[in-house]
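Following are the structures in question.
What follows is chain A paired twice: with chain B in the first complex and chain C in the second.
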Partner chain A sequence: MGENSKWVLEGTNDDRQDFKVVGTWNHPGRQSWDMVSGAAKYPTDLYKEGTLTAMALRCPYGHAKIKSLDITEAEKLPGVKLLLTYEDEELASMPVNVPSYYELGRSPLLGDEAEFEGDECGAVVVAESEEICRQALDLIKVTWEVLPFVLDCREAGKPGAPILRPEMNPDSNMTGNTFGAPIKWEIGNVEKGFKQADHIEIIEYGRPMWNQFRPMPPAYFSYWDNDPWGNPDGEKMCYVTNHAHFPANGPIISASMGMGVHEDKVRALTPYMAARYCDFVEKRGAQLAPVLSRRLGGVPVRCVSTRRQSFDANVPQSFFTVRIGFKNDGTLVAVQCKNVHQTGARGGYGDKTHGHLVLPANAQGFKSTSCPNIYSEMEYYVTNGACTTADPGKDAWEPVNLAFAKIADTLNMDISEVIMKNVKVTKPSLETCMETGKKAFQWDEKWHLPGEKTMEDGRLHGIACRSGWSMTWGMISYNINLRMNTDGKIYMPYSEALIGTYWPDAVQLVIAEEMGMKPEDVIVYYAANYPNWQKGDAADRGSTCTWAAKEAAVQLKKQILETGASLFGVTPEEVDLVDSMITLKADPTKQLSLVGIGQLAVGYCGKPKVPFQNDVIRTMNVDFCEVAVDQETGLVEILDYCTAHDFGKLIRPSSGLGQLEMALTMASGRALREEIIWDTNTGVLLNGNMYDYKVPTSLDQPAIDTVPVETRCGGGAYGATGVAHAHCDAGLVGLAIQNAIGKFIPMAPYTPDKILAALGKIS
Partner chain B sequence: MKAGGAGLAGVAFSALGIGTVLGSETTADPGGDGKVVEELTYVCPVCGEKAADFGSLQKHFKERHSQTEVPASMVLHINGADVEVFVEDHWTLRETLQRAVGLTGNAKEMCDRGGCGSCTVLINGKPALACTTLAVECKGREIETSEGIAADPKYRPLVEAYVKYDASQCGYCTPGQFTMAKYILTKYSDPTEEQIRTELSGNICRCGTYSRHVQAIQEAAKAIKGGKS
Partner chain C sequence: MRRFTHLQASTIKEASQNGARGNAMVIAGGTDLLGTLKDEILPVYPSVIIDLKTIEGLNKIEDEGDSLLIGAMAKLADIASDETVKKHCQALAEASGRVASPAIRSMATLGGNICQMHRCWYFRTPDDRFHCSRKGGSTCPAYLGDNRYHSIFGIQNGCIAASSHDTAPALIALGATVITSKREILAEGFFAANGFKSCILEDGEIVTHVRVPKSKKSVFEKFALRKSIDFPIVNCSAAYDDKGKVQVVMGGVYPAPLRLTAAEKAVEKGITEETAAKAGDDAMADATPLSGNSYKIEIARTIVKRTLLRLED
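This part shows the complex of A and B:
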């Protein structure tokens, strides 16, 4: 067993043991009614008087440059209001003010070079309808210079590969942006470590490009109107839709930074944007819509993309080759890891859209083991095919679990024992997750050595487990403003777009719990432009946001009790808030309503002292998977998926467990079906639709058993921590397949052809 | 009857999608704090401007979109009301709901080719994909959308169960799933998980909320059968 977790709880996080609201069910979300009924308006739904439609020219080649462009006939088409090309002075001058760490990837808003098939390039038309836009685009006469393309990052790294971005790096396709991570690093002495090893093995893990699959094809709606607060110069305000993973700030930054206006002149329109899973790619429409609208006097402009045109924000390819050295007892003593990673093409614009920003996969996950000798080397290459975004899963952990599986396979050990032997910090989180998860999954009854169990129906049976890290995202500050109004309600504004985590609703419960309010007396409401997160985003950070909410709630409660005490004529220590009433502790029958006692407000901005990277993790999780493999067809069925997740503190069970169901469902799709496929001769995407790109359906969703664990070790309120990021990986299914067939398959997805090849049934 | 006539089923409405105000998480009432209009509005299919009646819409079209050919009009029977709308022969029902009627719940376009179920409506009580159904085919047929179902008191327990179980996460596919849920409840009085999953198998949810639909539909079935509505 490993070490004990050591942490210092921040602020007022450790002082509550009894909960009335937090952790309870049946708290419908703030937006739930509208989402169910259809009243919720997404960017694709928005229209205003005079709305025009904008569509960009798309490149039909895998990589091409415009040699000539003739828009004469297109401009004459009735209904066309504006047609701009890449030579337009304003468009050509953008972008400016790109955040520094994206500089290497900056791209023009509308250039003359398309980096992948379907890339927006050369011209954009604004017309009265989509039909007219399409007709106008067809009338544009384009001569393309077809350029060489590369779709596989391993090919991009080979000597002699076409240099795709010479302005960035004239010598190779390797990018310079690693999000601050070093390209090579070493802990201990790896060569000495291998000399101490009893066994040395090589493992390989690869994954293709996966589509994030935004449910809503990108649509940006923007108009300029009078500034509601007025100004002496008559400046207009730009209204834009939220359609960015960086919710309120995304469209605002995208819209403002290219146009020379400040954020106070940009207002987000709606909190709805459909799902974005760590999807950073902002399409060019985010900036084109407000620019085009301004050029047309402020009329509403709607930039649209079809489903086919939105299969271009993808999780990058990643390939690991790892040499591991371990002792006879299963102890890992040396790791040498090389990772070749894809950073994709440009193809988006604005904040984090250049296809360069990736959270670099490397041997980072091995830092969470007790292995004293680790060497990591990564190469990451620009490619064509699609722009890339971050990964909602953390593939960097997959090689770690693959290493554990390899050790288990070599030594005929139970992988769960290998995990517990090698993970550095096991108490209390990992130990609890492993114990409760194994029990729920019935691990001990199901486990067997690889290839040793055939089911009654003739299929091969396999199980596996993997450990993961439930990350608390503490790298940014969280901003919570609370106000008690004269109606006695507590108000909290938020502006971030909603991607399904219900974070405002979790925050509402924390505020109610901490203040002694009824949940219905704490009102969270959408307020455009109010930033809860300082350039932050959603997902797991929502749990950390609860920490700031709790701090704010403590402050506001103190003010209320001081006011209430004076009204009772006692000291603040003699009163409390109970069910939204100021209550005399000595005689709880004496209560005072908050209605009309005044207006009080507090603001809290800060972040808990928790690490961003995963080398120091206090909250963990263990996933378990059971599969059946058909030896004749190669089909894999996931029989059972169980996850024991340390929430730290589960604040809103419905959405917390829902995040697990989401992530494991996504992982099952990635493991068995999902893969972006291009024509290697032309660079054209072949499966950019929902028939050929298989997202799991209700019939595909495996049985998912969620086992919540609470250690109070996270960085959020009451020790809460993140959820979904930790579970989106495909690798676990591959390990269960290995347990079934006795062979490792080095490349996801685990499709029948690969299974049959591993079984020796096909070549 | 024409839109605006008495007895028209309410249509959940919220300007820019944020109209409903919910302070209570346990007693939230879509028809209480939320805004429910009892008239369908006429919406210009080109620019989205709303008009009080069809005559005003025709006038607006001639004045504002003189360069565009005036489309033909037809009467659609939506959520219990007759609505006269501009519609071109090639327009799908999805486009018509979005552009001409302003009901966007089932106008979602996740796939654009009948592969995702997000635009599922009920036509004469049967599920149909609005993205692959021409509006002109719908003449004389009863069209139901999520807005109409949500406003129907009989299906209040279904709405309550959906919000209770977070059956929507990002919410984009939810109106289509919710519309299918009504169909399931009319087809099965006590639907099994297998029946629900089979019926919902054409409705894609990237957020993986499928099991929540099963829970919500089964709970609503019991409530409706028990006369809660």
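This part shows the complex of A and C:
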């Protein structure tokens, strides 16, 4: 067993035990209701009378440069209102939005070189309809210089590979925050460690590009109108739509940066962006739409793309080769891990997956083990194919769990024992997750050695488990403004794109809990022009933001009780807030409504002292998977999925458990079917649609058993932590398949062809 | 989607006459055609769309004694749940119930399903990125490209796409006849890679009905990566004809559904575990996989065996 993590909760009432609202069900919530009822308006839903459509020219080749462009005929087409090319001075001078972190070698907003098939390039047209836009684009005479392309980051790293971005690195395709050289990291002495090992094994794991942004083909809607003050600075107000959650006010940043106007002159029209979680890729339409609208006197302009074109931002390819040394008792003593990772097109996005980890992902994961000797090397390569964005899969832990599985396989051990033996900090979180999860999954009844169990229907049976972090990071100080209005309700504004994490509804419960309000009397609302909302980067709003909201709520409650006490003629200690009423403690029948007692407000900006990712994460999770493998067809069915996730404190169960189900569904699709496929002869995307890119349907969704664990070890309110990226890995299913068939399959997804090959049925 | 003229036909004759003029397409349920138009997949964008939904009586399922007469506009969901179809043409009911998703089946029609174009991703890539032989090009890009879902029995009219209609193997196995505005065609001869079409219909020729002989037992099996809204990697139907002989037809292995005579021969003397397995082996004996789809042979072999065992079950 590993070490014990000592953690002292900080912040007001973080050790609260008497929860009345937090952790309970049946709170519709504003965001939840909006999204479930269909009331939520997404950018694609927005329209105003007179709206014009904008579309960009798209490259038909895997990689190409414009040699010449003739727009004469296109400009003459009736209904065309504006046609700009990459030579337009304003477009050429527009800075590309830098969402966050560091990006090297960014492509221009609208250049003359397309880095993948479907890339926006060369020209953008605004017309009365989408049909006219398409006709105009067809009339543009383009001469392309077709350039060599590379779709696989391993190929991009080979000597002699075409150099795709010579301005970034003239010598190789290695780019991003590796600065042209691999990131290397070592603790201990790896070779010495291998000499101490009783067993040395090499394992491999790879994954393809995955798409994660399908639900909403992006549209960017923008218009200019008078501001409420009558444009005293001569500048109208620019209305835009959300497009990314990095930063939280992405559209405002994009528009203001692009046009050089102050942020208070830009207003976002809708909070919804729909499942573009961790989408770092700048959306050119978001920056083009306000510019095109301004050029046309402020008329509404809607920049549209097709669903296929929304496959332009994907989770990067990643390939691991891991050499492990371990003792006869399963103790890991040496790790040598090499990771080849993809940054994709437009340069440098995929590295952001790990940019904020400081350490390469493979080192990050193994650092959380007790292994004393670790060497990690990571290389990032630009490719064509598509842009890459952040990685919701936990590739920090995938090689670690693979190593644990290999140890278990070699030594005929139970993998759960190998995990507990080798993870550095096991108490209380991992130990609790493992115990409760194993019980819920009936692990002890189901476990067997690899390849040793055939089901009654002839299929092979396999199970596996894997551990991972429950993400806690708190890089942002949340700026909470809390106000009690004359209507007796509590208001909290925010301003950011909502991606389906339901954090406003969790914040509502925490404020209600701390203040003694009914949840329906706490209104967390979207304030379109609230530029003081934090603009950083965090996936932890459900936990860290609730912490700041709690602190603000405590302060506001104090003010209310002081006012209420004076109305009762008692001291503040003699009154309390109960169900939104100021209540005399000595006689709870005596209550005062908050309605009409005035306005009170507090401002609080802060964050809990959450460890950065480089530190050991205290809150963990363990996932379990049971599969059946059809030996004759290679088809894998997930029979049971179980996740024991340490939420620290589960604030809003419907959101938290729902997010677990979502993450495991996502993981199951990636494990069994999903991959971006190009024609390798041309670089053209083949499966950019919902038939051929095979996300799970509801019938494919496995039974998912969610087991919430609450150790109060997180950094958010009441020790809460998030779900975020945890669980979205494909590797667990692969480990269960290994338990079924006795062989590791080195590449996801685990499709029938790979299973049949592993079974020796095909070559 | 581009603009087009939408005509609501009131008779087959009217639909047929308009369909024969210039560049027209007919629309039944529209579940395939609308996406096709949106993505501009057709070699020439149609200027006229002729709606068949306004023609009365084309959605009926009628019992003719020895056979069922099913209107081309009968919805797949209705066919799947129709008690007469389930009783006498079980394979067709099963196949109709496995097409796409419940939402699509509630709109999609039998006529539309048998006329839908191939799902080859080279053929279907928007904006004619691959000018394939089905659209007037000189080559089939799938042949040297990613052909994991393509034919394992060779080429037909320059195409190696795999047939993707779920109802087709069932109709052929049941010995159905496709009735059009011009003629009657045995289902077995109806399907083919034919320009951008997947059947032998001529311009202006419209499917009106399908006559399906009753069978004492027939079954349908489908293998796909997803349980819903997925086209088959392979599908298979087996049925007893009126003489008690087993008919076996497989889809997803050739541009048209393929009658597996070798499999039929293997079970001539009865279906057992051994003969069913032999039927699968014999059916695949002449398979010629492409660079990326030899796995389909193993799957097809198994699905033939399982279909036959279900027929006997």
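By definition in this document, the second predicted complex is superposed on the first by the 704 of 763 C-alpha atoms of A that agree within 3 Å, B and C clash if a C-alpha of one lies under 4 Å from a C-alpha of the other, contacts with A are read in each partner's own complex, and residues count from 1 in each chain.
The rule we apply is simple: a contact is a pair of C-beta atoms (placed from the backbone, for glycine too) under 8 Å apart; a residue touches a chain by one contact, two chains touch by 3 or more.
Treat the numbers as computed from the prediction; the structure is a model and nothing was measured.
J.: Mind working out whether A:697 is in touch with chain B, chain C, both or neither, as first, second, both or neither?
T.: It touches chain B and chain C both.
J.: Does chain B (first) or chain C (second) touch A:306, or do both, or does neither?
T.: both
J.: Give one of first, second, both or neither to describe whether A:520 is in contact with chain B, with chain C, with both, or with none.
T.: first
J.: Between chain B (first) and chain C (second), which does A:658 come into contact with in this model arrangement: first, second, both, or neither?
T.: A:658 sits against chain B, while chain C stays out of touch.
J.: Would you sort A:407 into first (chain B), second (chain C), both or neither based on which partner it touches?
T.: neither
J.: Considering only touches as defined above, state whether A:190 meets chain B (first), chain C (second), both or neither.
T.: neither
J.: Figure out whether A:632 sits in contact with chain B (first) or chain C (second), or with both, or with neither.
T.: A:632: touches chain C, not chain B.
J.: Contact-wise, after the overlay, does A:50 reach chain B, chain C, both or neither (first, second, both, neither)?
T.: The answer is first: A:50 touches chain B but not chain C.
J.: Using the touch definition from the top, say if A:270 reaches chain B (first), chain C (second), both or neither.
T.: first
J.: Comparing chain B against chain C, which has contacts with more of the residues in chain A?
T.: More residues of chain A are touched by B.
J.: Need the overlap of the two footprints on chain A, from chain B and from chain C, as residue ranges.
T.: 306, 308, 689-691, 696-699
J.: Give every residue of chain C touching chain A within the complex, in rising order.
T.: 1-3, 39, 101, 119, 121-122, 124-127, 129-130, 141, 144-146, 148, 223, 225-231, 233, 294-295, 297-299, 301-303
J.: For a test of understanding, state which residues of chain A touch chain B in their complex under the given definition.
T.: It is residues 25-42, 44-52, 78-79, 128-129, 213-217, 269-275, 277, 300, 306-308, 489, 498-502, 505, 508, 519-521, 523, 525-526, 654-655, 658, 661-666, 689-691, 695-699, 701, 704 of chain A that touch chain B.
J.: Report the residues of chain A in contact with chain C in the complex, numbered from low to high.
T.: Per the stated touch rule, the residues are 58, 60, 117, 131, 134, 306, 308, 632-635, 672-673, 677-682, 684-687, 689-692, 694, 696-700, 751-753, 756-757, 761-763.
J.: Report the residues of chain B in contact with chain A in the complex, numbered from low to high.
T.: Residues of chain B touching chain A: 12-14, 16-28, 30, 34, 43-44, 46-49, 64-65, 67-68, 98-99, 102-113, 115-116, 118, 145-147, 149-151, 159, 162-175, 178, 196-198, 200-213.
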